[in-house]
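Presented sequentially are two complexes of subunit A, the first with subunit B as partner and the second with subunit C.
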Partner chain A sequence: MERHEAPAVGGLESRFFTATIFLFLFLFLGAGVLLLSADVLYVDMPAVKTVFSDPNILHALWLSLWTSTAAVAISLLFALPMGYALSRYSFPGRILADTMVDLPIVFPPLVAGLTLLVFFSQTALGRWIESTGLTFVFQPRGIVLCQVLVSASYAIRTVKAAFDEIDPRLEKVALTLGSGRWGAFFRVALPLARNGILAGGILTWARAFGIFGPLMIFVGSFRGRTEVLPTTVFLEQSIGHLEVALAVSLLLIAVAGGALLAIRLLTGKALFR
Partner chain B sequence: MRPSAFLRGVLLAPLLLPACGKGPSGSGAPRRELVFYCGAGLRDPAEKLISFFESRFPVRIRTDYAGSEVLLSRLKLHREGDLFMPGDARYVDQARKAGFVADRKSLHKWRLVIFVPKGNPAGVKDLEDLATEKVRLGLGDPRACAVGKAARRLFEKNGIPWEKVKKGVDFLSLTVNELALQVQAGSLDAVIVWDATARQFARWGETIAIPPEKNLVSTVDLAVLSFSKFPGLARKLLRAAASPEGKAAFEGF
Partner chain C sequence: MSLHVENLSFRIGSFRLGPLDLAVEEGEAFVVLGPPGSGKTLLLECICGLLRPESGRIRISGKDVTAVPPGKRGIGYVPQDYALFPHLTVEGNILFGLGRRGGRDREARRKALETAGLLGIEGLLGRDVRGLSGGERQRVALARALARRPGILLLDEPVSALDEATREKVLGELRDLQRALGFTMVYVCHNLEEAFGVAHRAGLMGGGRFLQVGTMGDLLRRPRSLFAARFMRCENILAGEASPLPGGEESLFRAEGLELLFAGKREGPLQVALRPEELEILPAGAEREDRRGGVLLEARVTRVEDRGGYEKLELATAGPRLSAHISRETRRKVLGEGAPLREGGVPVRVWVRAGAVLPLDGVE
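== the complex of A and B ==
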């Protein structure tokens, strides 16, 4: 996808236009830099040392990284077929299905934690699942489940939008040229939706990486076991370690920023058309 | 260098804004707004105390309910507020050492109990049973709340090393209420809570008493904070709370 070139016509009006749009860009980014530097200035060296020497915080970092990545993989596994189905097929109840997909975006994440807790400890099916040894309550895999529940919608929504933009005729052409249904999906639709899928993955990862409210209820905040990085920030500030909380926040921002930048660089071109 | 004065100002601004008198209270005296830091497990009697205060004095009480350790941290950070009632008088001792306490009175005593879901699915009989792997155990986080610190002292008093207990713990909470909630949801086999908490949640669980010789008694103190903007009024509230009428707030708790 090539970036659109700005119109080459010069003149005062054109310059005024450019200045205006860049003013807003500058204001927004400037505010971000200002806020970040407030964090940086408040954090002192002992706090930074605590962050990098505390095995529990490093464990929380690792736990945050792998759980949110696993959540993206599972979300995309569902988002690809679901996005395609919602985009290409009209079926009874489609509006209802579409609405249900959006629900987790709207409700507070805390609701997901409470719902999961009640499901696994109060319903027969939930208790049966827990009794098979596939335990979620107070376990790291419960973190992944929570993250998928609150963030998969972003993947499904973005992937559906990507399929919406692809002309179905292209797949029909592939079919007439002898490709099967699967071939047309994997060799035509999927590559064309690549940017949308990546964008969906990024949004899902960002959301999954940042949640902690539902986790506090569903898996607890156990140091070295179920404590993720956002939980660390909350716990440290609540017991008065503001410097440590901010130092962990900066680590969180750095890791998230680094990951987002890396994906953009690795995939080469601009992700969003 | 850190611009702490500026930053603290920014962080605290929302807390300092509303501390001014609001409207007359029938008799004509302006109502003063007092800030009351209260342990989350004491919510029920605190609410009764507050309506008693507001019916007797020209005050409006703004409350902050959280784990006691969390409240103490807030005191250290913000250095403002008028009344402080944590889940254990030890926090008042700590606040007094830091110079935050102008006056204090004891209002209540409570004990720890083991609280299990109805039917006691894990067959818990006493403290020793809790430190085993097969019991899904929940405790208060000693870093955050009074009930967590007290439970830790309880295990140590009974010769059960904390490190061993910690290995078997499945859930650590920030307040005592969350422990009872997990028992209500049936996601834990046993928790250690205050006797009053167990009574509050009696519909959803069973209480296993800890014999007095093994148990601990915690005192609930109400303190007037040294940074109170209305120290005279805050002391009046303290005296009223310690009167028989005030202590009635703890009846049945």
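== the complex of A and C ==
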């Protein structure tokens, strides 16, 4: 059903109702714009130049970009089969699995870093993995692991929602037309879920791009090694470079805003219904 | 290809389909009739392999295909609302079943074009399926299923979403296609006009089983159960008592103050069906030369409705009210041309043949 309805005939009471609704909308958005303006006004040109010339910050930007992209690839690798399984199959423990998928969305991201640190330093399996040379603690690849743990849920949730939107009968018809289960998945379900999958990827990327807490615990904040952009904000403000910290923050906000806008354009209203 | 379903059963939640049997001969058009929720779609999905039956066998041209995947059974399937692939064009939809290479395969393209030609949709091949009308969507779904030249075509309420004029046209085309391509057809619907339009034979389903199988004429004129009589829109269903008459060939049925003769020997509580078009309406006081094999009832016409092709009368008798369908000509003879009914109705006589009174199995 169309959510934007044409207005009904109404008098003063109707106008008062609409005014009240919009008052809260403007208050909230106004506060956001006000806060953002404060950031923009505080940042000066030299700070912006520093962001795009300081080798440490540029390294952090590059590290943020590739680790987030790798995290998206790994997240989608799991999200496609998991989202499909949760959307199409009923199996024992389905509700538990569904809840566990959402868990990382709810718990503080810091916990993810702590959990990973404990796993790799305190458990036999974790220590064995580290001993093979595939090291994660205080390493760039540890960043990817943190990002996957914190943001994969968004990919799974979005991909599941995309599969939910597809009528299963389409795949059934594909089966009668000679496709096998793989064929029906790749030729029908996957192309139809394309926008949802892309949106899930962008949402995951934006989430991975912005995580900070778990990284501080699991990989640390070593300049030029494990420093990503959110870490830069922390490091710059801790040494008194507030303008640079704010300039990097604005870059993070711009990336997040762009990602969310892209998702809305790709999925229309479906994702946030 | 012939289709044989033997002792098939399937359970979903508290609903149980079957156990049931079905035999459809090569080239036959078999209609599965029944109200919503009677298990028609489940039966189709079991036949085409989308559901694995709990027990029973499905044989196509004698070969057991119960364990054969849907795409290898030689069956075409047109689901309800057609389920066209929205990410593909009309041509993409028709090509879907003709191999993975789709449009790159010259032979597949030739087949798709030929099938589109059979259905008169060559002009739509490049179109997005989302912009098609109901009739066009229906033709594309048929073309997609027929492009693989299946031996059996299963259709699930294929014209229920269409307006009446398009429905008639599509049913005619479907009959022509079946003649041209020679496929066996299993057609699911709940609409009697539709069923009459395509069926060689039909099976009436209720509660997951076939309650009666026969020609549409059999189902209409000889419903065996109360369920069948109601579904076949028999408006006169009377509950009463039956007692056999001497000689044993006929019995007397009494319902309130009404007495009717019917063929066969029955005794005890009984329900009978009386098709409204089987009642013969005569002017008041009219006599029949031979009163054997039926009863002549006194009645009053209390209401007349013009139903387009016929006139529907409501009759007050000494017992239950009856409904009769008569031609315009009979109405003119008995009630006069368009005259309003008198207060209390117009007296008439109703001849009820013994053969028109159909005893039903089971009493509700």
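Following the convention adopted for this analysis, the second predicted complex is superposed on the first by the 215 of 273 C-alpha atoms of A that agree within 3 Å, B and C clash if a C-alpha of one lies under 4 Å from a C-alpha of the other, contacts with A are read in each partner's own complex, and residues count from 1 in each chain.
Methods note: contacts are C-beta pairs under 8 Å (C-beta built on N, C-alpha and C of every residue); 3 or more make two chains touch, one makes a residue touch a chain.
On a predicted model such as this, the values are computed, not experimentally measured, just so you know.
Shared-chain residue A:Leu170: touches subunit C; no touch with subunit B. In the superposed model, A:Gly180 lies in contact with subunit C only, and not with subunit B.
Shared-chain residue A:Val137: touches subunit B; no touch with subunit C.
Contacts of A:Val233 after superposition on the shared chain: neither subunit B nor subunit C is touched. Of the two partner chains placed around the shared chain by superposition, subunit B is the only one that A:Ala38 touches, whereas subunit C remains out of contact. When the two complexes are overlaid on their common chain A, residue A:Phe120 makes contact with subunit B while staying clear of subunit C.
The partner that reaches more residues of subunit A, of the two candidates subunit B and subunit C, is B. In the superposition on chain A, contact of A:Pro191 is made with subunit C only, not with subunit B.
When both complexes are aligned on chain A by C-alpha atoms, no subunit A residue touches subunit B in the first and subunit C in the second.
Listing the residues of subunit A that touch subunit B in their complex gives 38, 41-42, 44, 117-118, 120-122, 137-138, 216-217, 220-223, 235, 238-242. Residues 167, 169-170, 172-180, 183, 187-188, 191-192 of subunit A are the ones that touch subunit C when the two sit in their complex.
Taken together, the subunit C residues at the contact with subunit A in this complex read 45, 48-50, 69-72, 75-77, 79, 83, 85-87, 96-97, 99-100, 144-145, 148.
Within the complex, the subunit B residues that touch subunit A are 1-4, 7, 10, 66-67, 69-70, 72-74, 76-77, 136, 141, 143-144, 169-174, 178, 182, 185-187.
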